[in-house]
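First chain A sits with chain B, and in the next complex the same chain sits with chain C.
== the complex of A and B ==
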């Protein structure tokens, strides 16, 4: 360290603690600001990661393949064959972790007392495992044994609405491949419970083969859902799959669930805005404190100049002082923010606002997630803007006329 | 003998709105090396202004100031800072020590800015503090020293690196007569011992008595310029 840097650091550090109360007040403001930035970022990041995770788990996956018309009109007519060499070869890709083929068509469920329209989903229970919420959400009864299982799984809310329960029989009606109404009685073998009412009331699950039998189709499905090892390779794989299967429609989760994508993007862009708002309040405090400190030490700065210290040194001293203050505030703010996030454990329970949260595609527990990018952003905003903010007081100090400054009371 | 300070036709006019105040009018002055000069005169006579001009703390409206062969009136801020750092020491009426530094650190600061080694700084600061009678008080902060002791630290800081010129603006104004007498005695001895030139502004007759040369100012003009002893 050069002799000037060493002198600057020593003077700046000691001057910082000259007026302890003032320094502690502004330090508290910086720590609070940094904490607010990181903690809120962690909350918003938790919400967006929860939205993403829920979106992917709620039957969407990372990528889905459908027939060209299915997304506009999701009916039995818009199915595609799984006996397709090109498709089989495409899905045998190292980037793909897991796939699940589903029959997914509109249907009507009728109980002894009520009936309602919903989506009937035929799945291979083994392939579905780990891809969607279903198995982990079973709260009564059992999961499907295999794709020929004769039972069905329905949501808890749907069971309440239909005034039925586990073990009861219900009738499922739909249209087969020839557009004839088909129906069959099924026993409810499992009840699932998610934190999203729309899922519980809108879907029933049965074995893939069972659904094909009901709809008079064979080796044909409505969709293939794909899970990747690394989501960063999604765009690349979507493009490859689409190129290899031009007769099918290949889309990523962001296209399939545009609402979720928009909310996540909104949260992402709000980070910087929020950081700037917090800094704005904090910045005024920093400038005010430094200006006060400069005005109080006008005579001292005059003395520095008369001793032969250049204006740059004086500017440097005020600047180093504010930088030290910012660094200290950042250090403490980061530690407290980390501690606060750890203290929240798995997240906060927002079930009191369940309906509103569901509209935003959110479940009832919001986890706090700290990622490096958010930490870097919050810290950069404070240190860069803080240092820029302190240029003015530092410049004021360096522009003093020594003859005036030295006699200032 | 070498001329350390030379002022030629020096004028300083302060403008306050529409009003012009002549602080110095046609000052001509030569100061030779090793001299101990006293600038006296009533308040507002221009003593401090003249010291500030010579030290490059303020700029003249017209005229020339040459310090140790360098034209102060033509120097940039940075050059003036270099001149003050290496060739001029200042002692002020209100001590003006850095409150967060100890007596030793206050003295060392100038040497540190000049790039002197830590060992050199340590040895010289301790030696000069001993010379000004502050042995044992090196690690005290200004607030823990008396007025007289603080002014001694200020003198030690001004002369530690043996500048060719020391400018003292009413250094005894805040001291009692005993402390003032001791300080003046010390400044004269230091000046003689280290071949430094002192220009001291004062109202104090005791300071005037001790000066080798007395320059009286009135309304910004030199009205008397006498060699004493």
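== the complex of A and C ==
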């Protein structure tokens, strides 16, 4: 058996190179197709991973806990207490990497010249570290020292709009727990710069304790944001937390940011469609080339058959030829795709489209990401469909009638 | 000449199976390109239409610098009469003046900081679809009525209903305190999250009184449903406002650069995919062209001996490639247009579309564009690529030596 197999293999390999130019042309089509599949998949995967990490970094986290009505109506009324044994207990879960509690309410900021509405966020600077974009985005001044820090951090774009700058004082107005308007002056101690204008103009940050003092609350917050060690355990943990804290509202990022989820799902479903389209484009060429090589060899196949080789053997031989061709194309295509992904380094810079990207929840650098799942999908589409399509030429070859075939020139 | 065509046509059908497969490959590519370019362009039309229709208009006349830094003082004097002058001079009716401000708006229970816009109700109806999406109550009645309309989300957040009075507190153009109490006469729901949550409209004259505008306003919005008129209209209005110092005429994509950039980014990445796809298809059929030359060495030798020049034969080969491509393109384009026409009549929608549509504030069904550009751009690219590919085998004919060629099998 192994003798026949090795005979088949070496015959097939030599047959492939009987017409070098033709084989190279179709090989090039296959390599180009495989490259296009993997490279595009890596780009789309990069887009979705970027959307995901931006979504999680932009104050969302993996999971958030709120009071029941908060998501519908994010105001001070819908806060919850942190002095809660049950909550404390359930946050002490091994799956949880980090948590951060925040006060997050609408407010108005007034500078000497302008005023605007935004969201004021009270944070514990240490807990927030590593959870959101804030600390790494400070470009002027400093990050918050602690929960009691009396300064605030605002976005660069907001500072421009308000015609204010580092070190200036601004007034923050909001409603306290009794719905009375409260206001206090704060010094701007830090300016942050992100690629997203909406973040820069929509949020200001202060110490958690400072914000609680302003709003006349104590040990109460608007949300707890949670980061996991492993995102795959998200659904499980959401269910657990919700069950343990029925009076609160526990949501994963996909529910909190449905837009990001939809875009990621759309990209996901596009992978297979794109692979099929590319395969079809090269499939016609594969069949055509194989057919040409089969009909050229009519005489030869006739001879084989009259020498006693079974039609099955001839079919197998053509099939092995095409499989070899596909494998070679896949091999080269994968290597070139890998190489071109490596060559793009950190990703492509699309900052020329900054505001358009922002509308799609994206920042300005899109990395290329190759994951095993995508590689397997692209390669299996080519090999499975490729082998299926080459059945036809192989079958044609085996159907030639020896006497006719042998007499043909 | 006619005989050359007939000659080429017959040559193509010497290998019917190969020709049909090649035609199918080209038809597949052409159909796919016509379909997706039609969908893409249709979607862009929708995005542009909805972004200008709902609120921002096709053009805006503003004071220079207002777009970048929207400050109360960067205003246009006597804006109502300028607007009515422009209506008279341009002959267009859909021109309306606006003044923008920021204020704290309080109900009994809640206070929010939001945008307040003074509008001319009679003309606002012609430039914006917002007056048409009042879900409760009615739109503003006259230029000087003391009333406001408010978005659904804001109304819910403030816990107010139709007929309730709200307190508006802001600062006027001269820095004085602007305060008033007005009833809510209408609640709108535009579908745009930004507008529904953050925009209150009141009649222009009342606005000017409350905010001490002294007849000033911030923008004159011009609407025309034909986006193609943009450049002509822009020139016209630049001309009409040339006598006024510091006035600029801005187009929709300067006011909302995000939409334009999204479109450009999407179009660019779409074209990259198309080019890769067309390249794969080209290589896929290159073998057909190549073989049709290599197989016929003997025939070409005889033709050369009979007095045909290499140029004549090269032209014949090119003509064959051209006819084959043309047949494929015709079939593919017809199918593509047929599919697009079907969706043009019945609309195309897919899962996840609804949420995305909401984000960009457009309808959830896509109507493909059927235009010269959308139908012929893709096929033209394929024709170009395949003719380039056919050049390679055609040039090989120059190297043929008649005697040698006639001896080959």
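Following the convention adopted for this analysis, the second predicted complex is superposed on the first by the 408 of 409 C-alpha atoms of A that agree within 3 Å, B and C clash if a C-alpha of one lies under 4 Å from a C-alpha of the other, contacts with A are read in each partner's own complex, and residues count from 1 in each chain.
Quick note on the criterion: contacts are C-beta pairs under 8 Å (C-beta built on N, C-alpha and C of every residue); 3 or more make two chains touch, one makes a residue touch a chain.
From a predicted model like this one, the values you see are computed outputs, not experimental measurements.
Participant: Looking at the overlay, does A:406 come into contact with chain B only (first), chain C only (second), both, or neither?
Facilitator: Once the two structures are laid over each other on A, A:406 reaches chain B alone.
Participant: Just checking: does A:161 make contact with chain B only, chain C only, both, or neither of them? Give me first, second, both or neither.
Facilitator: After superposition on chain A, A:161 lies in contact with chain C alone.
Participant: Output check: A:266 vs chain B and chain C. Expected answer is one of first, second, both, neither. What do you get?
Facilitator: It touches chain C, and chain B stays clear.
Participant: Give one of first, second, both or neither to describe whether A:350 is in contact with chain B, with chain C, with both, or with none.
Facilitator: In the superposition, A:350 touches chain C alone.
Participant: So which one touches more of the residues on chain A, chain B or chain C?
Facilitator: Of chain B and chain C, more residues of chain A lie in contact with C.
Participant: Per the contact definition in the header, classify A:311: touching chain B only (first), chain C only (second), both, or neither.
Facilitator: In the superposition, A:311 touches chain B alone.
Participant: Once the structures are superposed on A, label A:51 by its partner contacts, choosing first (chain B), second (chain C), both or neither.
Facilitator: A:51: touches no partner chain.
Participant: From the superposed pair, tell me which chain A residues show up as contacts to chain B and also as contacts to chain C.
Facilitator: On chain A, no residue contacts both chain B in one structure and chain C in the other.
Participant: Please name which positions on chain C make contact with chain A in the complex.
Facilitator: 17-18, 21-22, 24-25, 28-29, 32, 69, 71, 102, 104, 109-114, 156-157, 170-171, 198, 257-265, 273, 276-277, 279-281, 283-288, 290-291, 352, 355-356, 359-360, 409
Participant: Going by the contact rule at the top, pick out the chain B residues touching chain A in the complex.
Facilitator: Touching chain A: residues 48, 52, 55, 57-58, 77-78, 81-86, 88, 90, 92, 94, 96, 98-101, 109-110, 112-113, 115-116, 157 of chain B.
Participant: Contact residues on chain A for chain B in the complex?
Facilitator: 3-4, 6-7, 11, 14-15, 18, 299-300, 303, 305-311, 313, 401-403, 406-407
Participant: If you look only at chain A, which of its residues touch chain C in the complex?
Facilitator: These residues of chain A touch chain C: 21-22, 25-26, 28-29, 32-33, 36, 40, 72-73, 75, 106-108, 113-118, 160-161, 173, 175, 179, 181, 258-259, 262-263, 265-266, 274, 277-278, 280-289, 291-292, 350, 352-360, 409.
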